Amino acid sequence: MVVVPDLTRAPDRATGSLVRVRGQLARFMPLLLLTALLVLLSLRNPDLLTRNSLLTIADSAAPLIVLATGATIVILCGGIDLSIGALASFASVLTALWIPTMSAGVVVPVILISALAGLLQGWVHVAARVPSFVVTLGGLSLWSGLALTISGAGTVPVYDFAALRWAFTRTWGLPSATLVALVLVVVLGALMRFTPFGRWVSSVGHAEPAARLAGLPVGGIKMLAFAISGACAGLAGVLLVARTFSGAPTLGDSLLLPAVAAVIVGGTAITGGHGGLGRTLVGALIIVLLRVGLSQIGIDTSYEPIIYGVLIIIAVSVTIDRSKVAVIK
Amino acid sequence: MSTPQAPVLAVEGLTKRYPGVTALDGMSFEVRPHEVVGLVGENGAGKSTLLKTLIGQVRPDEGKIRLQGEPVTLRGVAHAGSQGIGMVFQEQSLVPNITVAENILLGAEREGVRTGVYRWGAMKALAQQQLDKIGSSIDPGARTDTLTFAQRQMVEVAKVLTIEERTTVEPVILLDEPTSVLERREIATLFKQIERLRQRASVVFVSHRLEEVLEVSDRIYVLRNGQVVAEVDPHDTSPADLHRLLIGRESDGGHYHEDAQEPCDEAPLRLRVEDLMTAGCRSVTFDIRAGEVLGVAGVQGSGREEVCRALFGATRFSRGRVTLDDRRLRLRSPRAAVRAGVGYVPSQRRTDGIVPPMSVAANMSMAYVGEICRGPLLQGKRERGLVDRWIERLGIKTPSTTTAIGTLSGGNQQKVVLGRWMVGEDLRLLILDHPTRGLDVGAKSDVYALIRDLASAGCAVLLLSDTLEEMIALSHRVVVMKDGEVVKTVDTPRGAKPDPVVILEEMV
Amino acid sequence: MRRPKRHRRSVLACVAAGGFLLSGCAGEAGGGTTDGATCDPEEIKLIGQVRNQTNPYEAAWLSGGDEYAESVGLEQEHLTYDGDSQRQQEQIRQVLAGSGVECTVLNVLPNGDSDTAPIVAAADSAGALLVTHWNKPADLNPHDFDRWIAHITYDDEKSGYQISKALFDDMGGSGGIIALQGILDTSAAQNRFAGLQKALGETPGVELLDDQTANFDRAEALSVTRTLLTAHGEHVRGIWAANDDMALGAMQALEAVGRDDVKVVGIDAVPEAIAAIQDGTMTATVSSDGPWQGGIGLAMGYCAATGELDPTAVEDENRAFYAQHFLIDESNAAEFADRELDMSDFECANLFNRATGPIAE
Amino acid sequence: MSASSEGPTAVARVRERRPRGADVVHAYASLAALFAMVVVFSALSPQFRSVDNLTSMVDSAAVLAVVTVGITFVLMLGAIDLSVEGVIAACSLAVALLVANTRTGFDLGVAGVGLAILLGAGFGLLSGLLSTLLRIPSFMTTLGVYAIGLGVATLLFAGVRPVVEDPWLNGWASDRFLGLTLASYIAAGAVLVGWLIQRYTRVGRYAFAIGGAEDITRLSGVPVARYKAIAFAVAGAFYGLGAVMATSQLGSGVVEAGTGLNFAAIAAAVIGGTMLAGGRGGVLQSMIGVLVLTVLLNGLILAGVSPYAQRAVHGVIVVAAVVAATWPVRHRLGVVK
């Protein structure tokens, strides 16, 4: 497992043992659910439990994990970032366009630019006091519009495959993309836990006025959160290019809702404050399992969305920790 | 049916246990028809839990609640209302974005709504009936968040009175800390309301302000540790007596730790505010010396809150010059103020002061995170050490440093907030916006002591306070603000404290 | 619109490399290619993958596949990915991570050009039999692979050209038209539009007033057409749509504004369109035979799996070919109205009967 | 006797929570934004000024308007609804199959339309009940209901698109009165109904109150959960109507009938001043937003902005519009999330 920023254990300790048990249960619920789902699906299709197919799931999950991780930090601040999908597409186009000139080095500028894009959105949100939902909704159109324009609305193939080999190969038998995602989660997790950033983010998410009047750089924290989210989208974009050998202006768009779903299924409160990256990691795996697993168990594809919808609702209803969310909207 | 002396409401051996604490411990008392019963007790004495059980928000573990002699089980506010118990909540329970009429009738519109359809005429008429009961002139059609705080409280009372129409019996009205945030004049009106109320109902009056309880109540129950420890007759009881009963120990003049007030006339100037102009105040000029406690008196609209917020960078000021230790301050944000060594204890503790779900440690180390970091990294051990030290110094009662601060009592929460600023190595100016609001006598006294410590440690303190008495006792000087300007400065040295009246005259 | 220039070898290399790197995924499913090895007919797994079942064309495609599967006593496994490229990749990789991959036949409609390369790489390395349709980068070709049997598409430029001509004739060779483009990020949309431009070049009388994308979507076509109609008013005499759905949307817009003097053409020959052509409200469309596509891919795979077809033996121009298609107008609409699937098309001998020549690079 | 010299900061707090007059300012600001856009586009393109274009804009705004009325009720609660496209898909198929059509024998006409609207309400109710009973954020429940709706639509579609042959329903999109299609008048009616619901019915007023202060409303004995669910149902009914209108415009039951409407409706409501935090704005304000979006899309095409660039410009202008609308009151806004 990875380090989870753990500002949430405190209240559990405070109250009686029973509550603590429930608290602990709530913390591991996502993990339990993941296992349960895996078992259930594998009853229909034993192949799912083979090493390969598990590794394949992990591999498929990588871009989603990266996106969701970034989104988590914004959501912990009490905001939301709807632009990540489009931003990832944008990044994929940039990557594909620039690989010929800068080869492997492409990663750095792409992630930087994505981070700036996120920062810009954060700045508008903070400076103009516009709800993040709106700003990033606008961002969504903006980035995909830009992606369409610079790519001439076409797929940009990648020829210099070596440049991104690291992002789509196997190391120690594990999909490297998954490792990249894990490293990201660990690094950000450490940032959240071992520096004040983590508790700042939660303070802002829980009680922004209090955070502000305690002299926390609320605006800065929010903008940084959006910047990180942007950077993650950029990285996700690179991973996508690595596995499709090309960049395309709509490559990552479809990952937006699954990413947010992953965050919430992981048990992070959409109202902000409570949650963590480890939870999101598990949440992402659950979502991917639902996405690919359902098509593997030989049910009529027409029923697939229905079952997906039902399962996703069940998933959230068991994973969210209601004791941490004041008003549920 | 029942004899006039038979109690309307009787509570018998009420007990409520929470993990770790027993909030109510076999509490018993009764309320007779048309009387005003006062309930006093320190925080943690069980007042709030009692009220919650009386309006059905909390189910008691043991004990009975009798209405008109009949035992009842209350299943929530609405049900309690239908049984004849209504409550005016301390933190106001009005929906800001709907009309007064809707608020008054919310959830019980009666003929104001036919088959789900609003008939605004009827609504307003019905609401008007309620407002008339308390002789209020508020327009039932007005949007609630356009009213003043006092007006809204009147609406609260009117709202509670609707339970009359819902029950056959005479209602019992619970007033929880109704005066804690009212102006003097407003309190006077409220007391008139209570007099009116008693014509038609019985009233339970809960307050920290002993004088007021003594003023309005027919009988007073003193609560401590979840039990009724005394029932007193206000006519032959003095605030001091009541106070003693309340905290279970002698309360002397030392309540304000006045003897700890050190003169600071020689101390260097710490803060100078010149010609400050911001929304709500025209031109404010004053200064504070190091180690001085400066009180700022003024009625609502005098602009003193605005000055405080401006000095902390929480609101922009359009003109003026603020110098701290001869260094000009640019107060772009609270952040900047904190960097410059200014601290702020807001009046709205729960929303602006603390982050309820987070740990005591996190809340305390919030402002000066540098104290617990090496480089960018948090030093868990260092933090625990620091926090434990302050928890001890401030006498904060908490199970552990990782306890969620929201679960502590108001007093302890406030101490953590104060501690947050004392942690800072060079806190130069601390702005206290009603630091003792909603605290019980014991906690207040502790907070006073802390303020003294700060002052004698050389920190300048800017104090806004709930009562003049408190402010005068604590301050070296008091500046009086009116209509956004400083109209008078009164020296309040140790041993020669002026009479509040002197200041009152200037305020109004 | 600029289209990136391509270098043949490099894509091939990268896909091969991709395959190599991915081969771990295949695991005991025996990586690398295992041609020659024949499968027991019952062992064969037939899989058809399309975007979704919510449009007539792809629904028909799947039913065609089902019909074929039935004819050989098997069942077709449906995969739909809702036009979500990521999901398509995930599904394919997941299938290939299962067992018995060498005897798995994938008949796939890639979401876009960009999705073909990874699908090919994954299938090739896992040793599954693959047939793709419509979208592929020009420089990625089946004849460089053993298990990627064929890529089937229609000559979009020709289709675009044919319907343009039909439209222009119906308009009497002069007047203004507006064009509704498909999802810009697909070769289908781009080639069809190229066809239109070719026809325009040959017909000076006709002027392209405006072109907008409606993403192959009926609702979008409706609103875009509305706007364009007000923009160009009476000048609009014809509407060129890159597929029938948009054409039908456009026709709704025309009906809404009460214009019956505007000719409309589309591509795909969905039942509604054919009906419209029969009663004269629509000028022409081009048949892209969904059911046949759904069946033929599986048939090729089946034959290859049973050893009756050796992909490597098939001549290169048949590995990636334009399937024959027909311009449908009033004259022949009736015969396309309800057309039975001709099972003989799927016999191993006739697999390439509809090939009309290699895909132009 | 201790005299209080209290100056209630609580008042200030309340003002922060909901700045006095902010709604009004917001409404005017978004109107100004709309006006500015109209001026600019009129200058850029002569067709934009034409009466034809005006009517065509109104016609094409109809569906979005109806859907936005619906989602406004959800947003007033402070909740969010992502199920729109799924619900519309299901209802579109449903209505197409229930009125005279090429696939089923039904010919229910008006009743069919009614049933489709009921179906929409049913989906809304489902979202509402799920989020209140299971206490899940509406973000997720509606996401799930979206998928369910899509599935139902797929099942109903069953590979063959049902073409509407009911002249009455088809008439919605083609029959004109004073240059506008029936659909536009139906939309106008729907907006009026929406406004009446918001102003004169329990569900409308309670939705508003719940958005303003859910806990207090509950304290006052209002069955919050029930009215939340009903509000969702009302929203669903409007989506249903929107689906019927879209179906009549498209001439057949189309699963993609609602594509893009969800975010568009949310954007419209927000531009109009219906804050996502809930308890603010309303049906009429949202309509301003609808007009802004419609003018924008129409204008961009007429102004000849390249198809690729359109999306980008669209995004920027939407944000700009909201910024413009909130700018005057931004310092009085409390926490913005």
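Each chain carries a letter (A, B, C and D) given by its place in the written order, and its residues are counted from 1.
FYI, a contact is a pair of C-beta atoms (placed from the backbone, for glycine too) under 8 Å apart; a residue touches a chain by one contact, two chains touch by 3 or more.
Every value quoted in this text rests on a predicted model; they were computed, and no experiment measured them.
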- Item | Minimum number of chain-to-chain touching steps separating chain B from chain C | 2
- Item | Higher-contact pair (C-beta pairs counted), A-B versus B-D | B-D
- Message: Quick check for the class: compute each chain's Cα centroid; which one is farthest from the centroid of chain D?
- Response: B
- Item | Intercentroid distance (Cα basis), chain D paired with chain B, Å | 42
- Message: Between chain A and chain C, what distance separates the C-alpha centroids? Give it in angstrom.
- Response: 34
- Task: Express in whole angstrom the distance between the two chain centres, defined as the mean CA positions of chain A and chain D.
- Result: 28
- Residues of chain A that touch two or more other chains sit at 148, 153, 209, 302, 304-305
- Task: For chain B, jot down the residues that touch at least 2 other chains.
- Result: 351
- Do you know which chain C residues sit against two or more other chains? 53, 184
- Task: Check the chains against each other and report every pair that touches.
- Result: A-B, A-C, A-D, B-D, C-D
- Residue positions on chain A within touch of chain D in the complex are 78-79, 124-125, 128-135, 137-146, 148-149, 153, 208-209, 257, 260-261, 264-265, 270-272, 302-310, 312-313, 316-317, 320, 322, 325, 327-329
- Message: Looking at the complex, which residues from chain A come into contact with chain C?
- Response: 45, 47, 50-53, 55-57, 59-60, 63, 148, 151-162, 165, 168-170, 173, 240, 243-252, 254-255, 288, 291-293, 295-296, 298, 300-302, 304-305
- Task: Could you pull out which chain C residues touch chain A in their complex?
- Result: 1-4, 6-7, 10-11, 13-15, 17-18, 21-22, 24-29, 53, 77-80, 82-87, 89-91, 93-99, 112-115, 117-118, 121, 137, 184-185, 190
- If you look only at chain C, which of its residues touch chain D in the complex? 52-56, 59-60, 62-63, 181, 184, 212-213, 217-220, 222-224, 226-233, 248-249, 251-252, 255-258, 270-272, 275
- How about chain B: which of its residues touch chain D in the complex? 76-79, 81, 89, 92-98, 102, 106-109, 113, 116-118, 120, 145-146, 148-150, 159, 179, 181-184, 187, 209, 211, 297-302, 304-305, 316, 347-348, 351, 433-434, 465-471, 500, 503-504, 507
